[in-house]
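In the two complexes below, subunit A is the common chain; its partner is subunit B in one and subunit C in the other.
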Partner chain A sequence: MKTYKISIWLMVSLVAVMLAMPVSSGAEVYKLGLSLAITGPTSDAGNPYAKGVEDYFRYVNDMKLLGKDTIDCTIRDDKYETAITKRNFEEYLDMGIVFYLNYSTGSTLGLKRDFEEVKMPVIPASFHAGNLEESNYIFLPIASYSAQAIGLAEYVVKNHNGKTPKVALFVHPSAFGRGPVDDVKKSVAAGLGMEIVEVVEHGKDLDNTAMLQRFKSKGVQYVISQTVQSPVAVMLNDASRLGLVAKTFGEKGKITFLGCHYTGGNDLIALAGDAAENFYWTTSYIITSEPGVGTDAQLALAKRYGRDDKAANSHNYANGVMVAQVAAEVIKRAKTRGKEVTKETLYEELLAMNGMNAFYPVTTVGPVTYSKDDHQGVDTLQLYAVDKGQFKSVGTPFIPEYTGKIK
Partner chain B sequence: MSVNRWLATGNYFTTYKEEQRIFYTSLDRIFCVFFLTTLFIWPFFMELDSKDMLVIDNILVAVIAILGLNLVTGFAGLISVGHAAFVGVGAYTVACLSRIIGDQHVLITHAWPLMIMFSGFVGAIFGGIVGLPALRLKHLYLVMATLSFQMIFEWTIGFMDFFNQGQTIFVGRVFWFTGQVGRKEHYLFWYYALLVVVVLCGFAVRNLLRTRYGRCLVAVRDNDRAADAMGMHPGFTKVYAFALAGFFAGIAGAMHAYLYRGVGMESFTLHESIQYLAMTIVGGLGSLTGSFFGPAAIKILDLQVENLAEWAVTFLPSGMNLATALRPLSFGLVIVLFLIFEPRGIANWWRILRSYVKLWPFRY
Partner chain C sequence: MSYFFQLVVSGIVVGSIYALSAIGFVLIYKSSRVLNLAHGQIIATGAFITYSLTVTAHIPIYLSFLMSMIITFFLAMSVEKIFLRRLIGEPIISVIMVTIGLMSIIDGLIYLTPFGSENFSFPPFLPQQPIVYAGISISYTQLVGVIITFILIGLFSWFFKKSTVGISMRAVSDDQLASMSIGVSVPRVFGLAWATAGLSAAAAGSVIGNITGLNFSTLHAFGIIVFPVVILGGLDSLLGAVVAGIIMGLIQQFASGYLDGNFGLYGTAQVLPYILLLVLLLFKPHGLFGTHEIERV
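After this line comes the complex of A and B, so read on.
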């Protein structure tokens, strides 16, 4: 009887031990981290961005795009505060991440040295060219704000009728906004035929009447904006009220408004309404008001994971999907080459992403290319303009000429 | 006074000197030594993640800043809503020197204790200057003066190229006797550095309050005319209260700069000033122990609300944006609740607890 009882206990213990043992299936889990503003300032962009990243990684895991291996991307809210971003990054390092996705310009610049020290490949949502200075591990997903502003300036010069166009720059009072100013000035010095009449760093004004009247009196014909949507919407509404918005590009006596990636999109139309008509906007992303293979995929992904229309149609959702695509692609390539997936091998794969190895995500208007000297992913830009309440393509994708000339 | 100080169930002072002791009872002294020993030795037995160490370091930085704010607002009764700017002055002192002489210069990397002290003195100078309006202004008007300093500070940093227009200015890694403090031991190293500074500052404040200068602060707060009539100089007292607050803030700022290895504008905004004020209120205005409880309570609350907001955002529609509101909402609510139900702050709970323990098991 005693022997029987011991046997029972041994059996139970064995079963318990077996249940407690981890299941070894040979599948790897690759840890990634994303810190961004889901709440607080700029969360209108951060929210769909986070959803894009989350959805694409879920898709990779659900569709087994990495075989048995999966991606575990922890997403933390940093409320647009560098101190919190730093804390999140430290937490991710403790978790053993192999790839990091960051968000704001301030935190990317602030953590630059940390990225260098730990040799962590990073893709931020900030396209500030300054991120790449004295940095080896930061990779911009698309053309920098400088390239975007120069691209818009080139478009103005090429399509302006009459004497030298007079341009004002309307920028955010931060490195994010100020970044392109010097590069546009350098382009003008290098021969880009336009006159920069004024550079305005906007505050939190709810009325831009005085500024617009000043622009008018100085003969400003174009305003290139590098900021977020809300100040642009305020400016457009005021310009519309004053009857200053050009109905066609470069209309005489009026002002044509243009802007870089974070100034445009559906949120701008929602904020500015009719005043957004004929607003020119550039980005490297495809947008859902111009249907195609990429937008179909984007909408299908959003639908698959139950996202609302607002998120599904946001260019920042595409933005998030694209960086997740790049991260998943380098993991896939490292695996294909039989390498162990580490931050070092993923860094190598990023550097090798050029020429025949360029990556073509369907979410952008051009290929993603990186090399030792080129940390700017998609070099191609597309110009869009608001037509009857929707952004529509203007011309074909282009690469600004002066970005090369001012290097 | 009780014959056996270990069994004292109350404090019976027979001389003024006794009343001014740092520790009232031997039990207090033993408890303090035990507590400090624990703070110094726990990292040998328990290893925390870098993230958690950073949170603890952050609390200690805030404690140093609050020791200063409590002097000016709690003990001297002069409300300052520009304290983050004073902390910023300290941080930017290190950052500016780092920008001028290079962040790898021996002064930045080796002479960091000197730099921290120097930042404290710069903070004190700015504190003294900002305190000058206190000679003529009181109450709401003085609040406006300190608010102006906060605004001027933000504008100056945000728009001047020299300060990198508010973007991060890097500060190099420091050296200790064992060599450069590497990434792995960075937060632990600064934990000990901060702890030493917190202890020194804590004893400095406790000692100050035992001197005539410390008593002047309280006298001026309670009735500056009466203090004047008794031979004190209210104007001088107010200015040096601001200077002292600036000194502590400057030290906190410099340590913040070294801890984060860089200085950016975001950490010294008006929002941070309000948060410092909240820490002082929640901890207990005019209480030394409150200066330790306040920062810990607010920072931990902040962290918990952050987690809650993160959790809430996963199921709430983005249009509601309730998660965005959670932080300021809880923050404001805590201040209001403390002002209504416990204006003496957490320090009062500590006092009650101590009284209870002292009398235990007797109820009278």
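After this line comes the complex of A and C, so read on.
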């Protein structure tokens, strides 16, 4: 009887232990990290960007795009402070991330050596060409600020009527703003037919009258901006008040204003209102005021996860979705090839993303291609201009010629 | 010549807005000797309240502007009562540290709202065409900004010179103990100083927001941008804030208009005001109109 009782207890214990044991499904969780400014300076861009990243990874998991495997991306606010970014990155390393998404130019430059040391593939939200110097592991998602500024300069040269166009550059007083200046100058030296009259590093200006009057007296016809929306909005308002804004591209006696990725989008229209009319802007992202397959998908994704209209229609939401798409795609490719998903294999997959293996994310106007010598994802740019309060496409997507000539 | 006068007009416009933003600093320092480092956050708060009342509550913007000043008046008074009143009599540095903490708290609260990370602009309520006279232009927004600045400065000057409360505030600023001994309520004076500073900050925020658009980083930066104006004018002088504001505005415009882009010079509009400030402080360490205190031992 005693033996029987012991046997029953042993059986019950065995069943209990078996039930308590985790069922091994073979599902993997891939850890990623994103550190960016959700609060603090430039959070107007960082906030929708973070939402884009978060939503796309949720979509990957919900739709089981990686089968049973899932992506666990930790998103942390760094308030645009490099010290916090560094701390976040180090904590992500402790968590065992296999891919890292960074944000600002300052922190990308500041952590470049760290990325090299730990051999971590990184995609930042900064398109500063200098990020790629002496770096093997940083990959720009789209054309660099330099390529964007050169693209705008080429558009000016091709579409200007009359003598050599006179151009001023209006830039942010930082590496982010200064980055393209030398490359535009090199393009001019290499034969791009325009004259750079001035390079202005702006401050927190309340009034740009003096600068604009100076431009006028020097015959400046075009201003190319590489900064954020707020200073551009103040400049456009002042130019509008002074009657200096060209109503058509290159209108004589007036100034045509153009800008790179972070100068434009709906935020510029929100800040500058009617003064933003006829502002020319370039980026590699699609925008929702030009509906298409990509924008439908973007809006559906935002709706699925309950985002408001402002985030859903932000080009920086598309920006966040796109970098998440690239990260998910390299994980998928590594899995398909039967590789273990590690930072090393994801790095290999990024380098192989070219030719037949180019990636078409639909959130951009061209394919994402990387190789050992090319760490700039989408090379193609699209020009947009504000027409009746909305950015509309101007021409077809293009690749700046002089970026190759000045290499 | 119209170029010169255009720069003068622009300099006065910018300077007036600097002065309006600087008044809040002066009001608090004048009565309590405290530098409120959260002033930029209060400027931004005032602007966002005006916007919310106008766009969300559909209240006419002129009324929203007045209501925002009143709301910020009471908000600032509450802030003083909750966070700063218990520090009366404590070292000034402790109070300044609290204002740094206050800065973080207001930042955090604003980041909980869409204003923290989105951009907005006031609906147009003034004619969009500028006023142009003899080739010199000024927008209605700028003109209204200048008018509001001078009205408020006039009112505050009268308040400090003629009203009993204003004189009490000056008395507390001079000597807290002596003021108490003649029956002046120091806590009440401090509360009023913060409240009036809040009122002026709301006005400044609404004017700046109309010019630059509503971007939190841009708005709260004005708390720091106007700091040289406050120092140059003399920390406790309203007249000093106005004169220094206009001097700074004019220097920036003239530097930008005549120096930048010429003689190989760039960025002088950003640097020259600070150089002037340094040079002037060598000769007048209390600023242009600051009180020169003589301490007898």
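Operating definition for what follows: the second predicted complex is superposed on the first by the 384 of 407 C-alpha atoms of A that agree within 3 Å, B and C clash if a C-alpha of one lies under 4 Å from a C-alpha of the other, contacts with A are read in each partner's own complex, and residues count from 1 in each chain.
The working rule: a residue touches a chain if its C-beta (ideal position, glycine included) is under 8 Å from a C-beta of that chain, and two chains touch if they have at least 3 such contacts.
On a predicted model such as this, the values are computed, not experimentally measured, just so you know.
Chemist: So, on subunit A, is it clash or fit between subunit B and subunit C?
Modeler: Subunit B and subunit C clash in the superposed model.
Chemist: After lining up the shared chain so the two structures overlap, which partner does A:40 touch, if you call subunit B first and subunit C second: first, second, both or neither?
Modeler: Both partners.
Chemist: In the overlaid three-chain picture, which partner chain does A:274 touch, first (subunit B) or second (subunit C), both, or neither?
Modeler: Only subunit C; A:274 stays clear of subunit B.
Chemist: Looking at the overlay, what does A:81 touch: subunit B (first), subunit C (second), both, or neither?
Modeler: first
Chemist: In the overlaid three-chain picture, which partner chain does A:343 touch, first (subunit B) or second (subunit C), both, or neither?
Modeler: A:343: touches no partner chain.
Chemist: What is the contact status of A:109 with respect to subunit B (first) and subunit C (second): first, second, both, or neither?
Modeler: In the superposition, A:109 contacts subunit B only.
Chemist: On subunit A, which partner touches more residues: subunit B or subunit C?
Modeler: Partner with more touched residues of subunit A: C.
Chemist: May I ask you to decide whether A:118 touches subunit B, subunit C, both, or neither, giving the answer as first, second, both or neither?
Modeler: The answer is first: A:118 touches subunit B but not subunit C.
Chemist: Given the touch rule stated above, what does A:200 touch, subunit B (first), subunit C (second), both, or neither?
Modeler: second
Chemist: Determine, for the stretches 37-45, 109-117 or 199-207 of subunit C, which one clashes with subunit B when the structures are superposed.
Modeler: Residues of subunit C that run into subunit B: 109-117.
Chemist: Across the two complexes, what residues of subunit A are contacted by subunit B and by subunit C?
Modeler: Dual-contact residues (subunit A): 38-40, 43, 47, 173, 201, 310.
Chemist: Can you tell me which positions in subunit A touch subunit C when the two form their complex?
Modeler: 38-44, 46-47, 173, 197-201, 203-207, 209-211, 213-214, 217-218, 229-230, 233-234, 237, 240-243, 267, 270-274, 310
Chemist: Write out the stretch or stretches of subunit C touching subunit A in their complex.
Modeler: On the subunit C side, the touching residues are 3, 6-7, 10, 13-14, 17, 107-108, 111, 114, 116-121, 124, 128, 130, 137, 139, 142, 208, 211-218, 221-222, 225, 252-254, 256-257, 260-261, 266-267, 269-270.
Chemist: Show which residues of subunit B lie in contact with subunit A when the two form their complex.
Modeler: 49-51, 54-55, 58, 158-159, 165-168, 170, 183, 187, 260-262, 264, 266-267, 306, 309-310, 313, 317-319, 321, 323-324, 326-327
Chemist: For the complex, which residues does subunit A have touching subunit B?
Modeler: Subunit A residues touching subunit B: 38-40, 43, 47, 76-77, 79, 81-84, 86-88, 90-91, 93-94, 106, 109-110, 112-113, 117-118, 173-175, 178, 201, 308, 310-311.
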